[in-house]
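Heads up: the structure comes next, in structure tokens.
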Amino acid sequence: MHDIYNFVSGPLVWVSFIIFFGGSLYRLISMAVLAKKKDVIVYEYMSLKYGLRSILHWITPFGTVKWRKNPILTIVTFTFHICLIFIPIFLSAHIILWKESWDISWWYISDTTADVLAVVVIASCVFFLIRRIVLPEVKYLTSVSDYIILAIVAAPFITGFWTYHQWPGFKIMGIIHILSGEIMLAAIPCTRLIHMVFFPFTRGYMGSEFGAVRHAKDW
Amino acid sequence: MHNIGTWDWETGKRLIADTGKWKDMFDWVEEPYVSPDGERIVAVVKTGEMEYSVCENDTPWESTFDKVWYLRFGPDNRLTALVSSTGAWTVAVDGAAWENTFDFVWNTKFGADGKNITVAAQKDMEYFAVTNDIPWETRFSALSNLTISHDGKRVAGVAPTVKIKQGDIFIFQEGCYSAVVDGKPWDVNFVNVWDLAFSHDGEHVAAEVRTSLYDYTIAVDGVLWDKIYTSVWMPQFSPSNGSVTAPVRIAGKWTLAQDGKLFWDRSFAQLWHHMYSPDGKKIAAVVAPKYGRWTIAVNGIPWSLTFGDLVTDAVFSPDGNRVACIGKEGGKWTIAVDGKAWGEKYDMVWQPVFSPDSKKVAAKAEKNGRYTIVIDGKPIKESYEALWNPVFSPDSEKILIKGIEGNPDGGKYFRQVLPLTDVTG
Amino acid sequence: MAEPAIKRSDESNKIVDEGIDKGIARLTPKKIEQVINKVLAAETGARLKTYVGTCVHCGLCSEACHYYLSHDNDPKFSPAGKVKQTIWEILKKKGKVDQKFIRDASRIAYTECNLCRRCAMYCPFGIDIAYLISIVRRLCHMLGVTPLYQQDTAHSHSATLNQMWVKEDEWTDSLFWQEEEAQDEIPDLRIPVEKEGAEIFYSVIAPEPKFRAQLIYQAAVIMNVAGVDFTMPATPGWDNSDLCMFTGDYEVMGRLKKAHFETAMRLKVKRIVMGECGHAFRSVYDVGNRWLAWKMPPIPVTHAVEFYYELLKEGRIKIAEKYDKPVTFQDPCNIVRGRGLHDKARYVVDALCEEFIEMHPNREHNYCCCAGGGVINAGPPYKMKRIEGNKIKAEQLFAAKTRGAKVVIAPCHNCHGGLEDIIHHFGLDMELHFLGDIIYKIMEKPV
Amino acid sequence: MGKRTLIIYMVITLLVCIFAVMSGYSQEDVTTVEDSAFEEKMRPTVQFLHDEHNEAAEIEEECNVCHHVYEEGKKVEDESSEETECSECHTLNKGDNPLSLVKVYHLQCKGCHQKKKAGPIMCSECHPR
């Protein structure tokens, strides 16, 4: 157990962070280089002002017609994405690990808060799963990989929750929790989870074309 | 321009016509045209109910027509108009109509000395060219891209050579068009034929062609280059050795090819309107060295000066050592010569003109609705209500200015010869 | 009248289109693979890769699409659904797709998407689905699998530089003819042909001289009354339309735009004003010019809606009596999502009409007419499919009608064609006009 | 120093003394890890059977393996600090992050466990529900 723990909480963390940062950076740079070579117009029409204008509308809950038309989805999507990023960064247990390893720390949330938010994330994942299965227009687009990606995202929260509450097998679950977190980080640059990294660019470009060239709104 | 030495180059200003009065003389006066030598000013005018004519230097032609359009002066200062009487169209040269009439005529073209006048014509839904009142013997179901040789003796166009019904896309794709030279089509068909170019001696014709929906190349006298490209623009013959060059598109970039082989060693986001210096030693072209930036490249080397909106109307100096063009940036127009832009910006500028000694450049320019002549970047003092391109004297010491002074209602047309020392100091 | 009747023909997939069928017959899987991979390698890059890699298959774009809404939310008609059936599969199989696949891809890309770009406003990532479908069209063009009528239009463009096989003399003659007709009403009216140095080059699409010559007549009256210094060319380049942009023949698209802008340069005009056409605006404003490396149109282009706005705002045309029938307004994708002219259009409508009733949704969010993007040009075989593919538009119009609208104003030829069929088919019994029709009718004219 | 602060300090000192005395009394049967500096507990108290642990770890005679004394950054070999609360040396100064003390405890326990590959190392192993 010690060996496994030390492995997943040591070298594998490094590996996952390297893949996450290195991979994301690679995806970004290769996109930029390819665009310079083949899609030069992206650079020509990209506008900071109009790109940000569009991005701001889209990252504001109910800031677009689309968000307003689908209130439940909007609430779930926003809380899900916020929690997804918020919990791992501000969870005290994670910060203690940062403190132990690097002697750095920051503000954290109480475990009870984290517990509630984790339930929100898990519930959101269930919501997305049900959407995928039940809504025909989503089901039609869904492939196995979409379920796998959803599982990758849900896993750290389910296993974290499990471990925290010390349900049966929680020690193994703790290991799985760490592992699943690492898998998720590493999966970001390698799967459609890259949407997190690409969002500012795709939205920003569309916002630029709509705003700076076509003088119209894209929200 | 032809026989320029015989024109009146006496310094001074001469009133040619009181065009302001024309509005009182006629119900209808169209925009005026001026002969190259500046001696005649003309406009289409209405002389009666459904009766039109041409007013020339305050006097209308005796002949009248149902409709008159496309007043054009030839290089020899003769005036042509496209006229119709009782539904029959023809060409009137200095008021005298050709004998042949047609269902429609258009696109008047002149040879270098003005002797040969050609128009496109349609009669009974058949299409052909007519030169000096002599129509082609062969007729086609359409005719486009009318092109004449340097001396105007030979005429080419693009015409369908296979009968094709609208909607028959597969027959179209087998090739139904060809170039037609003096009424005789090449014996090979293409999917499309576009711009044509005559060799300097008028013996050969080169054309942009598409041999399938995807394969573009150049055909010379009906013979294809052995290379295909994803697109091409208008070819040109070298005046010195008769080779043919054309802008070609390879892997999304444009470069210049000669007789099917790469000629320039660099490529551009765009390259078109290439032209030879009079001695044939240099080639200049309008290019976009990068997306959205425009300039002139001479022998493949672009100027460092670029414009964002457009570059057009490039012209070589007579000695072939200089190039001038129109450039537009941020909605404002100017002239650039040898990579340097004139300081002043205008609402519009016209194609620049070199002096015969290649030392001076002049252009017509418009600012706030008034026109002036700008010489080497400096405007002359006067501005005009209407103005035509300036002409340098053969000794390059004087400039001919043709302009209407005063407001349009009280306008007077003057022909003025100025010594360049006067205007430029 | 009750709710618009739904008449669905399931025959739409069995439509016989010689252009597509004969095109398919010439293909082999090997040729397909070869062409696809060549085109993808040469012409696509970061955008395609990023869009495909970013799409999380969330389905949020679905409700943007009028085809999806009109087909009872059939996911095959959702924007991403169409992408899934085409470019995803092509990329997944690395071009190893068969003839049947290409047949379906061609049908989807040319006749089940109008490239209206509404979905870009419903995808949180701003994925340009119209761009992805355009890639499919490009592939189909390169494979020679295009709807017959559309392809014939593309051929006309290539041979005549206009959309309707209008010959050089026919064009100029039709201008003379309209000038003469209009002189019966305004004796000194002129359509100045080839007037170098005019302020404006007025450009139109070929269906105007061919079928709707009264539009040239009306425009001439408006121009003359407003005292606009304009001209029209007597050479190819007069037509601003561009179906090659929609078939995927970008080389000819570029040739057309070159001719159009160079005609403007030759005439030394300050700007181009174009008639009430949407797709042509797209092609001169941000598609065709780009292929030629002009970042923005080298000579500015003003759409008719904006031009009317200027004329009314500056008081150059006066309204004798406002149009008294209640009107609603169709926001065309290419000048609203494509140029943000919705507010100026409303200014014009308010200036012209007594009563204006909004459609919902409107402005950038208006539903597509289902005719643009080349779909109406795919011709009679697809007419019913196109009409049934826009039941939602009938419902939208009907809702405006129940609130009193009797007239639909559509300042775009494709919208006009599409709405005409919808109004007729669903028995909506509404009048349909261009803005120019109304201006011409109610403006002050010299007696 | 304000009166209020003074009172708080005095109370704390008093509490610490009481605690120290009491812990002295209960030295023989320590079952948890306690430190008066942890005013508000984020996780349940760590169960720790002192003698059993030391027996298992074979450090019954070497108190200063855990109860170490450092002088000038060097561990003093023959001194130990059983009578001192960890937080006395590993002081939490005003404004200090309480995690600093947590970190010390964690490194002391978990660090050793990891080194020896024995004993609990994961959160919930020590902080049970």
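Order of writing sets the labels: A, B, C and D. Residues in every chain begin at 1.
Following the convention adopted for this analysis, contacts are C-beta pairs under 8 Å (C-beta built on N, C-alpha and C of every residue); 3 or more make two chains touch, one makes a residue touch a chain.
Note that the structure is a prediction, hence the values are computed from the model and not measured.
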Exercise. Which chain lies at the heart of the structure, taking centres as C-alpha averages?
Worked result: C
For this session: Check A-D against B-C and say which one is joined by more contacting C-beta pairs.
Result: B-C
Seminar exercise, completed: Per the C-alpha means, the centres of chain C and chain D lie apart by a whole-Å value of 77
Seminar exercise, completed: Rounded to the nearest Å, the gap between Cα centres of chain A and chain D is 39
For this session: Indicate the whole-number Å distance between the mean C-alpha point of chain B and the mean C-alpha point of chain C.
Result: 33
Problem set entry | Interchain centroid distance [CA atoms averaged], chain A/chain B, Å | 61
Seminar exercise, completed: Within chain B, the set of residues that touch 2 or more other chains is 291-292
Seminar exercise, completed: The positions of chain A in contact with two or more other chains are 41, 44
For this session: Identify every two-chain combination in which the chains touch.
Result: A-B, A-C, A-D, B-C
Exercise. In their shared complex, at which residues does chain D touch chain A?
Worked result: 42-43, 97, 99-100, 102-103, 106-107, 110, 113-114, 117-118, 121-125, 128-129
Exercise. Which residues of chain B touch chain A in the complex?
Worked result: 290-292
Exercise. Hey, which residues of chain A end up touching chain C in the complex?
Worked result: 31-32, 34-35, 37-39, 41-42, 44, 54, 58, 64-66, 69-70, 73, 131, 135-143, 146, 149, 192, 194-195, 198-199, 201-207, 209-210, 213-219
Problem set entry | Residue ranges of chain A touching chain D (in the complex, touch as defined) | 1-3, 5-6, 92-93, 95-96, 99-100, 103, 105, 110-111, 163-166, 170-171, 174-175
Exercise. Mind pulling up the chain C residues that touch chain A in the complex?
Worked result: 43-47, 49-51, 53-60, 62-63, 68, 73-76, 78, 80-81, 84, 120-122, 124-128, 286, 290, 295, 336-340, 342, 361, 364-365
